[in-house]
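In what follows, subunit A forms one complex with subunit B and a second complex with subunit C.
What follows is the complex of A and B.
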């Protein structure tokens, strides 16, 4: 869709639930994976005869393997508490983007084949046969969910639509109906090691380029090492950090922090990706296959600790799943949590006084902070619950003098998704991405008007890329989005340590 | 008037319903327990030790904490209905125990008002299914029927209390007998029989309907899991097996490639 045709939805008068517009997004259809992409992941290339039964069988398989799916499908009482909590519903008004309605697309099939009431009286309980129409709806609307878990926070039972979306995508992949964007990327990681398909030599080049840039700018020889055996720290960061704007400025920030702390570090060309799109596809198998690359490299290099760069879903996989999928990490230094977040690392240095920051370096900015959904609702930083909210803010506040939070209804665990997570950061879903950003943009506008906010800091490569793209639709500059570690990097007093 | 034949009919009904309820729930709950949770997926911030879990769940079960954050109208009606239901059930305990426990006797007067509160709460929830376009959209016929069933149970009970009374001494004799497998006559007032029939239906559909949210609430991985993924490795059998197999296949493939 051309940019001049696509318009952002108008801000709401009072942030209140908008009325329904049935079918408003039924045309949204992300590109389907080509057979080659599917087969790279050992999934059927395309829909084949008998897919209906295979879909039902796969659902049965998942019900046996995943408690959450089973309990979530049984327990919804259709109270409606979640209906106005999804950014995609708010931005598109399509009723099928209400979390419970999204769940019902799968729940109706579950009821038909796996519950007594659905077998006996399907019409009464909203049970449906697995047909092509149903599958088409799945494909459309399960690719209009960023798996952000906001709905779960507001559900009286904690029913997490993200789990249901993941299950539906897993089923679709297993019958040969995958999404091009995510599956192509997963294949690239298996083959080359990162989402961008950036081979080792190119990575070395890029990192050398960064060294030159920093040297030119600061006169200090900050290293950006690749594949260094025996380094203390293995840094695993989203590959977008290597050259996409604005994430790359975050990477420069990490480099300066390591330099100043005097801790040796390296990235790996084999495990050059923190992102794990298999999460979005709901595939534990593929997640393991990606995660084990990190373990392998950590063992080979003999590092003491693993630190992850700024990325939301990557931190969820790292924090919550890495130990399960690639552990145990008993070969690392037990003094540090495995893995650690770069913000935990920087925060710790600041607290120990090991990092000298001059926040006046950022005095041209008034900064606010966007909590990434996966960090906020699916992980933690530090030792206390809620550290994932405080630590990034403390670090940013140490690096800037002017900081304000957005509306409390839109931050911390109530944060609104940027609109581009969950494997939806693709141009073929641009309309959805622009509309889904509405609630976050409303909250941003509020602090721009009231406090003159100039920058919104984020700690996720997807958020950063998404914001850079959608901010202009809401009449903001695309350079308003900034990496938390760019703020840190700009405030660091390099070379002042004895 | 009381009839032994009617007593017999309802006795069979209650035994059957109780059996279905218990077996149905055991079957469902057993599956909730057996089915593994392959990954750590608590919605955070979450308790970092087991000790915090009962607190988190307690807030949800006793105060509907998340619902309060989410929607005040639903919260009011839901609390009204559930709290009232609890009192009404307590009040009905007197039909099953002799002598009546002290605290059950104490709850009696509240139980009467609770009957009204319960119906009011239900009507509030039902009204939303017509008046709020979002809730209307997600309601299926079974959602309306469930509310209709509960409202009718409440109304028939209230009518018996305030309009057309039944012989509650005989009702109690019937239920005490039921507990001792000694089937007694039951009054044949249509209101009473309607009330009891509706309750029978409720007991039978319980394990096959959304009423499963009652046991389900403690089996939600998003809420009962402890946030300690880094400290303690969480691993279930099928994941361990799957990973071992994948790694073995991979090694074998690599060896084959090296030899070729």
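What follows is the complex of A and C.
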């Protein structure tokens, strides 16, 4: 079981569309949620008779609730602009991983049941009945999309392809065909408070351990508080920050920033998760339930502001939807944005001279930055357009002397997904994850060759874990991936302020 | 899926993690380790024992950092690092060692 002979695809000589390999990924089938995982989320445990009609009904329901979805399904003209923009198509060469082809798996069913031409002459307009074969294709290929929306950037009609993947997954969940990885995790958040299933006492133990480590290393008593009522800041961060390398080094960095700024903060054992996996499942109800935990704690603790740690889609949900999901947040201090990103927070402190950074602490590194898709394409930081690109870079540049960007076609809003987002960061999809990392690895290789880049910084727990896993397949060291706030934490000058 | 241990069937999930941690025994662990192509040494068992102790107390596997620190304290600084643990458990101490220890797989962005 442990041995895998998986090999990374070869770098392309030029970043051109690769030749097609029909059905190359048709075997990819992520584990199906067990009935217990489904039922925890009030979804049917498995497919039951009559699921075909229920799937069509659910699609009808979504079309009513989400007018944009109908526009996306209607407006594609098959221009082809999106075809070669997907990391999974580039890495797997499977034509069904062209975004347009993947969307058409759902669009064809939409046509059959919701358009006049599809009802009358299905064969002429590419309309298909909702059958088991169609459903199987949905399950395979809608779990080969990270909802990263790179293709949408290039779509002249602005079709948000992620919304189509989310709709398909939402429908599948509602008929009893869910994905194990995401649905088990959502259930854990409802029960325990985070994706890991890390109970309160373990969280406290972990945070005390970090206090010891930082004290040992720096001689400074930096606190990592849990469940402190009356703290100024509620930090909501992905639970991977408590558990995995390198995310935990980012958490240490946040702690040092709070310490040096003299701002009291806490995490909560009840809302101990920033990531909202319900986004991946396209489920507003579940998204709502997860987001409400944050509101509840913020109110109970009486905090003045909520700050999110480094987590891509957490920030997407927080920035774009938090207020509608769990607002209004009129009980917070109106001086601060709701919510705030940890990078905005650190950036502001640096600009005000409240933090002293010594970038020479990172002189052993040449750093580049990977824009996380959900931050880059779906949100903003700070008060100016493009803040989500500039702020992380400005913070990193304040912490390091050697910084280089990757190829402009692969950063900012055109960033390539790490290959593990959207609920696909699971071992059963390792082949897909390795292949999907190809375009990012190509861009990384370029700056390694041209500028001697040694580290790639990221601001998302998924990206960090994905890179730690796939970098070795491309002959890079797994420790090349680093948290943005680790760079800050290593450069920060702790101690008395002048 | 399941393991056959001394004539008994022990259920596991698709990836070989035990469905019920209560079914764990040394013999089960040895069979899982064999499936993972690992030759278990005393050093491996030190890690497995610690994981199980920690799980007993906290109902979750320890973070890698916590594990590294505990191993360092218990068995000496030369064993207290990530590299050592990856040498023992090439597929990652968190996941592979948890499987052998009968613990559930850590989920989430890890």
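Going forward, the second predicted complex is superposed on the first by the 492 of 498 C-alpha atoms of A that agree within 3 Å, B and C clash if a C-alpha of one lies under 4 Å from a C-alpha of the other, contacts with A are read in each partner's own complex, and residues count from 1 in each chain.
Definition applied: contacts are C-beta pairs under 8 Å (C-beta built on N, C-alpha and C of every residue); 3 or more make two chains touch, one makes a residue touch a chain.
Because the structure is a prediction, the values reported are computed rather than measured.
Undergrad: Could you say whether A:245 touches subunit B, subunit C, both of them, or neither, answering first, second, both or neither?
TA: second
Undergrad: Let me test your reading of the model: by the given contact rule, A:75 touches which partner, first (subunit B), second (subunit C), both or neither?
TA: The answer is first: A:75 touches subunit B but not subunit C.
Undergrad: Check the residue A:117 against both partner chains and state whether it touches subunit B (first), subunit C (second), both, or neither.
TA: Only subunit B is touched by A:117; subunit C is not.
Undergrad: Taking the superposition as given, does A:228 touch the first partner, subunit B, the second, subunit C, both, or neither?
TA: In the superposed model, A:228 contacts neither subunit B nor subunit C.
Undergrad: Quick one: classify A:427 as touching subunit B (first), subunit C (second), both or neither.
TA: Only subunit C is touched by A:427; subunit B is not.
Undergrad: Quick check on the superposed pair: does A:209 touch subunit B, subunit C, both, or neither? Answer first, second, both or neither.
TA: second
Undergrad: More residues of subunit A in touch with subunit C or with subunit B?
TA: The partner making contact with more of subunit A's residues is B.
Undergrad: For subunit A, which residues lie in the overlap of the subunit B contacts and the subunit C contacts?
TA: Shared contact residues on subunit A (touching subunit B in one complex, subunit C in the other): none at all.
Undergrad: For the complex, which residues does subunit C have touching subunit A?
TA: Of all residues in subunit C, those touching subunit A are 14-16, 35-38, 57-60, 62-66, 69, 82, 90-91, 94-96, 104, 106-110.
Undergrad: Note which residues of subunit A are touching subunit B in the complex, please.
TA: 17, 19-20, 63-68, 70-72, 74-85, 95, 98, 100-101, 104, 115-117, 123-126, 149, 152-160, 163, 284-285, 288-289, 292, 319-321, 323-325, 327-328, 337-339, 376-380, 383-386, 388-389, 413-414
Undergrad: Across the complex, what residues on subunit A touch subunit C?
TA: Contact set of subunit A toward subunit C: 1-3, 31, 181, 184-185, 188, 194-199, 201-202, 205-206, 209-210, 213, 238-240, 242-245, 247-248, 275, 311, 425, 427-428, 461-462, 464-465.
Undergrad: Inside the complex, what are the residues of subunit B that reach subunit A?
TA: Answer in residue numbers: 28, 31-32, 35-41, 43-48, 60, 64, 66-67, 69-71, 74, 78, 125, 128, 132-135, 137-143, 145, 205, 208-210, 212-213, 216-217, 219-223, 227, 229-235, 238-239, 242-243, 246-247.
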